[in-house]
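Pasting the structures here.
The same chain A turns up in both complexes below, where it pairs with chain B and then with chain C.
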Partner chain A sequence: MKTAFDKVSVFLVKVLTLFSLLLLSFIIIFIFKEGYTFFKEVPILKFITGTTWNPTGDPKKLSIFNIILGTLYVSIVAIVIALPIGIGCALLLSGYVKERPRLIIRGFIDIIAGIPSVIFGFIGLMVLVKFFEKAFGFASGESVLAGGILLAIMVLPYIISTCDETMDKLYRAYSPVAQAMGISKIYILRTIVLPQSLRGIAAAAVLAFGRAMGETMAVMMVIGNAPIMPKLLGKCQTIPSLIALEMGMAEVGSLHYHALFAAGFVLMAILLILNIALYYVKRSLDR
Partner chain B sequence: MMKRIKSVMFALWICLSFILTIASGSFVILYIFIKGFKSVDLEFLLSNPGGIPIGTEGGVFPAIIGSILLMLIAIVFASILAIATAVYIVFYCRSQRLENIADAIIQCMAGVPSIVLGLFGYSVMVVTFNMGRSLLSAGLTLGLMIFPFIQVRVEKAFQEFSRSAINASYSLGVSKVYTIFKLVLPQCRRDIVSSITLAGGFAMGAAAPIMLTGAVIFAPVPKSLSSPVMALPLHLYILANEGISMEKAYATALVLIALLIIINIFAMTLTLWRKEVKR
Partner chain C sequence: MKRVWSIIICLSLIFAMVLTGCTSQGADVQTNSNKENETNNEFKAEMTFNGSSTLAPVITAIATEFIEENTTWDKVDSSFPDKYISIYVSAGGSGAGVKAVIEGTADFGMLAREVKSEELEKIGDAKVYKLGVDALTISINPENPLAQLRDNLTTEEVKKIFAGEYKYWDELDSSLPHREIVVVIRDLSGGAHEVFQKSVMGDTQIRPDAIQSPSMGALVTKIIENKDAIGYASYGMVNQNKGKLMPLKVDGVEPTEQTIVDGSYKISRPLIVVKRGELTAPQKAFMDVVMSEKGAEVIEEMGFVPVK
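The block that comes next holds the complex of A and B.
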């Protein structure tokens, strides 16, 4: 028998679920709608292949090829730095650390993951950028490399926890047999756990790459924000920092305003594709 | 011999990686603590920012309160949606396909960058619904950001919940709703509270979604949901990026990081405690 309370709660749960699942489409539709006004004036191909971004000039030139490149460049640098460190750390955690200290270390890593990006940006500004200026005698230490190093520290926790999940399962499965046969821990880790966890590592890399591309504050504070062709030791601009910096200046309804939404849409499209890929990789992992 | 060298290199690699990870994390935390420690006192915590340009003197009281209020709005909004969605997926959804689609949607939502959520919040709440740059718009935008975070964890907690206890409850003729409210939710309370707390910390530290939707350079402690607010992360960004006062910036960073560490440790003790009990 169902009471009125039952019926109301079931109804509420269904409505709220429907609402939450529709949120993503609201977000996509709204960003696209605002960006679409821009695409009517500037064709999308020209928007993503043109190299000049100059919202104040006359005529306005609004193309984001350099900025897309900058976004990818910073994120790739970050992954190249973070991936080997993350994999190594996860291997050590799954093979050598016992249950209890492991909980503490995982807790510490979670705390690093919880440090807000603006604090990383602040430290990057005070330490990394200054270091580059002093050590290499650059006029300005703000660079792709600074952004990449900072992002690498920020995505490390994601890489470690994703890798560790896969590696821990593998290690537990193989270690009793292997140890009974007198094979050393190092050998198990190197020849069984590492090669077998390739898909987990791939998932970690995609996840971290997505995080890195969407990161705003930390990157914005150390890359110099110049929409030029990115070089490892030169300034660059990323899509999130572009939006964060210029949204306040753009007049509502102007071409500039819509161009920023269009840039947001491009970023979101890239990340949605990445995440759908990640979803399938993860699903095949769980099987 | 070759094997030995490989082993040694491998050992060296994993040890170095581990040390680097721990060192970089500790460096960030310690650096802020050491640099900020001497500028934080009771007066800094409890007074309004002052001086010209604003922030060179005084404290961060409105920013602390603003950040806490933003976090509260975000977690209330996000956890209602997240818990309802998790309940539906675990207990009501009968089609595997729908469940997969829902999971994919939530994963994609988790992947939407926070600045795009900020854009969405700005165009929908601030411009279209004319809510202005306000506590409410910013809080709801943060809620959007942490919704997937809470949902995934709550769903996992529900899925780990003993199936036999639920089936026993059903076979006693207890209704589904009653089972969920009186058996599942209370038993999963620690997990739920811990994921909501973690998500709250995450919301509190985010600057990108709120800089477009409601956080401003200076505002008094907000009187209503429609007034603009100050928030610690944005305050820190402005102090540091405009070079207003590095001393105050370190102090603000310290306050923010200390609040977050407290929140994190609270959430962790909750989950740790649960694991001990299970054993």
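The block that comes next holds the complex of A and C.
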């Protein structure tokens, strides 16, 4: 009786897995198919390296170099801000905090990951952007930096939890010996735990980078959405915000419509490469 | 051996699923065509609207009132069966509205712009209902020194500001401070921008570093928050935020209900509902309410100018 039930569950699990794989391949095929119509008319190299995005002009100019740069720039700024904070936090959690409070603090940090992104966007628009205008006298506070700071807060939980996992393991392995030898905590953390967990940190950075690149709503509200060459204190446009902003209005089947799918395809390709990189980083981590 | 079997079973199951998908779809198409043949006999208790986020709240408000008043169709007209009324409204932009009608995923499309002729062609037997007009006002923050100086801009000046020829306020008028002009627009392919481009900019391109707001609400917020901002806020939004925004005259014409309806204020866009084919009886009953005095009242309440 039990074995029959087992067989059925194994079978069910297999079907469900296959179904999710089919779903993924369907999405990729669909995006590629819609984008392919565009690539037939505009060569992919021109699409990626051209700098003008003007879907309403005549002739339409549909190139996303500035937008790809904007996407990468905002995400890099976010990682540069979030990584030191995240590493510091993870070091403290694994070395100095006892088990129970550590779990509670981790719980609170994970709540950050659960806040809807539109709320982050709203706070960014009302507080961050306004602060830039008031404090630094910018004409408009919408900027790469504003987007970067906002994204840094949003990816922080991912960085902390990934780093903490590695560091906690290392600290537990070394601390009894180190304590027996009378070495201070900070010395172990600095000389053993931190250098040993570099790969874990790299994995966290890649994971957070992927998250940051795909974020749409919060970023859209604070970067100004101008498809120009991005500068740290200037406006920019990211691929997800471009798609979200224009998809509803693009005429179905038009070149513009297919160009948005093509942009989505480029984003997916970048994310795929990142995830493959993450896989290799993780694999070398396990060795 | 076991593994091979399970793979075979899995594959056959997937295959079966795909096949079932095919047959049921085929059946669907059939029933659809049957339905079209005998629309008069079958009563459809629900209708769907999709499209412009400007028009969606209007239709939602009218629909809510309509449903609350009648609940079931037989109260609307005694010849209808006593089925519950359901009207679904979803917003996704004017383009999505037309798409929904073309693809048949919604009964009605809502547009905040004229229907393009190629779109009419794609729909085929299209019926167009004009409900009202939404005007875009050239608005600034009331704390902007320009507000004290003058209340009028010429089309040429508006064009130069939005094209980026005037980068600082003192280039518009030398008595204004040397501060950067912050231009706020909606997304370039949206209905609102299309109206602005057509009626003001012509062939001139908008400056590439203008802030593209994801919604009209965000655009208005930006103008309220930033003293140097200028943007095209919709007439309805200005009415809802009286005192926080200052609409300017364009070529001496103030945006008022009268000037918008008679067309002398030129930056405006129509609010339109499109439908493929004839209205069914319940659809007609609802559209009659939308086009009535009561519908016009709701449109006015929402800050638009109804077409009489």
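Quick notes on this structure:
Here, the second predicted complex is superposed on the first by the 272 of 287 C-alpha atoms of A that agree within 3 Å, B and C clash if a C-alpha of one lies under 4 Å from a C-alpha of the other, contacts with A are read in each partner's own complex, and residues count from 1 in each chain.
Just so we're on the same page, a contact is a pair of C-beta atoms (placed from the backbone, for glycine too) under 8 Å apart; a residue touches a chain by one contact, two chains touch by 3 or more.
Everything quoted here is computed from the prediction, not taken from an experiment.
Applying the stated contact rule after C-alpha superposition, one finds that A:Thr56 touches chain C and leaves chain B untouched. In the superposed pair of complexes, A:Glu215 makes contact with chain B only, with no contact to chain C.
Once the two complexes are laid over each other on the shared chain, residue contacts for A:Ala139 go to chain C alone; chain B is not touched.
When the two complexes are overlaid on their common chain A, residue A:Leu125 makes contact with chain B and with chain C alike. Of the two partner chains, both chain B and chain C are touched by A:Lys14.
Contacts of A:Tyr187 after superposition on the shared chain: chain B is touched, whereas chain C is not.
In the superposition on chain A, A:Glu246 makes contact with chain C only, not with chain B.
Within the superposed three-chain model, A:Pro227 lies in touch with chain C and out of touch with chain B [touch as defined at top]. In the superposition on chain A, A:Lys235 makes contact with chain C only, not with chain B. Measured by the number of chain A residues touched, the leading partner among chain B and chain C is B. In the superposition on chain A, chain A positions 10, 14, 125-126, 221, 244, 247-248, 252 are in contact with chain B in one complex as well as with chain C in the other. On chain B, the positions that touch chain A within their shared complex are 6-7, 10-11, 13-18, 20-22, 24-25, 28-29, 31-32, 80-82, 84-85, 87-89, 92, 102-120, 122-124, 127, 144, 147, 151, 175-178, 181, 198, 201-202, 204-208, 211-212, 233-234, 236-237, 240-241, 246, 249, 253, 256-257, 260-261, 263-264, 268, 272.
Of all the residues in chain A, the ones that touch chain B in their complex are 1-3, 5-6, 9-10, 12-14, 16-17, 19-21, 23-24, 26-27, 30-31, 34, 84-89, 91-93, 95, 103, 105, 107-112, 114-123, 125-127, 153, 156, 160, 184, 186-187, 189-190, 210, 213-217, 221, 240, 243-244, 247-248, 252, 260-261, 264, 267-268, 271-272, 274-276, 278-279. Listing the residues of chain C that touch chain A in their complex gives 6, 9-10, 13-14, 53, 92-96, 98-99, 102-103, 116, 119, 179-182, 187-191, 193-194, 197, 205, 208-214, 218, 221-222, 225-226, 228-229.
By the touch criterion given at the top, residues 10-11, 14-15, 18, 22, 54-57, 125-126, 129-130, 133, 139-140, 142, 220-221, 224-228, 234-235, 237, 241, 244-252, 256 of chain A touch chain C in their complex.
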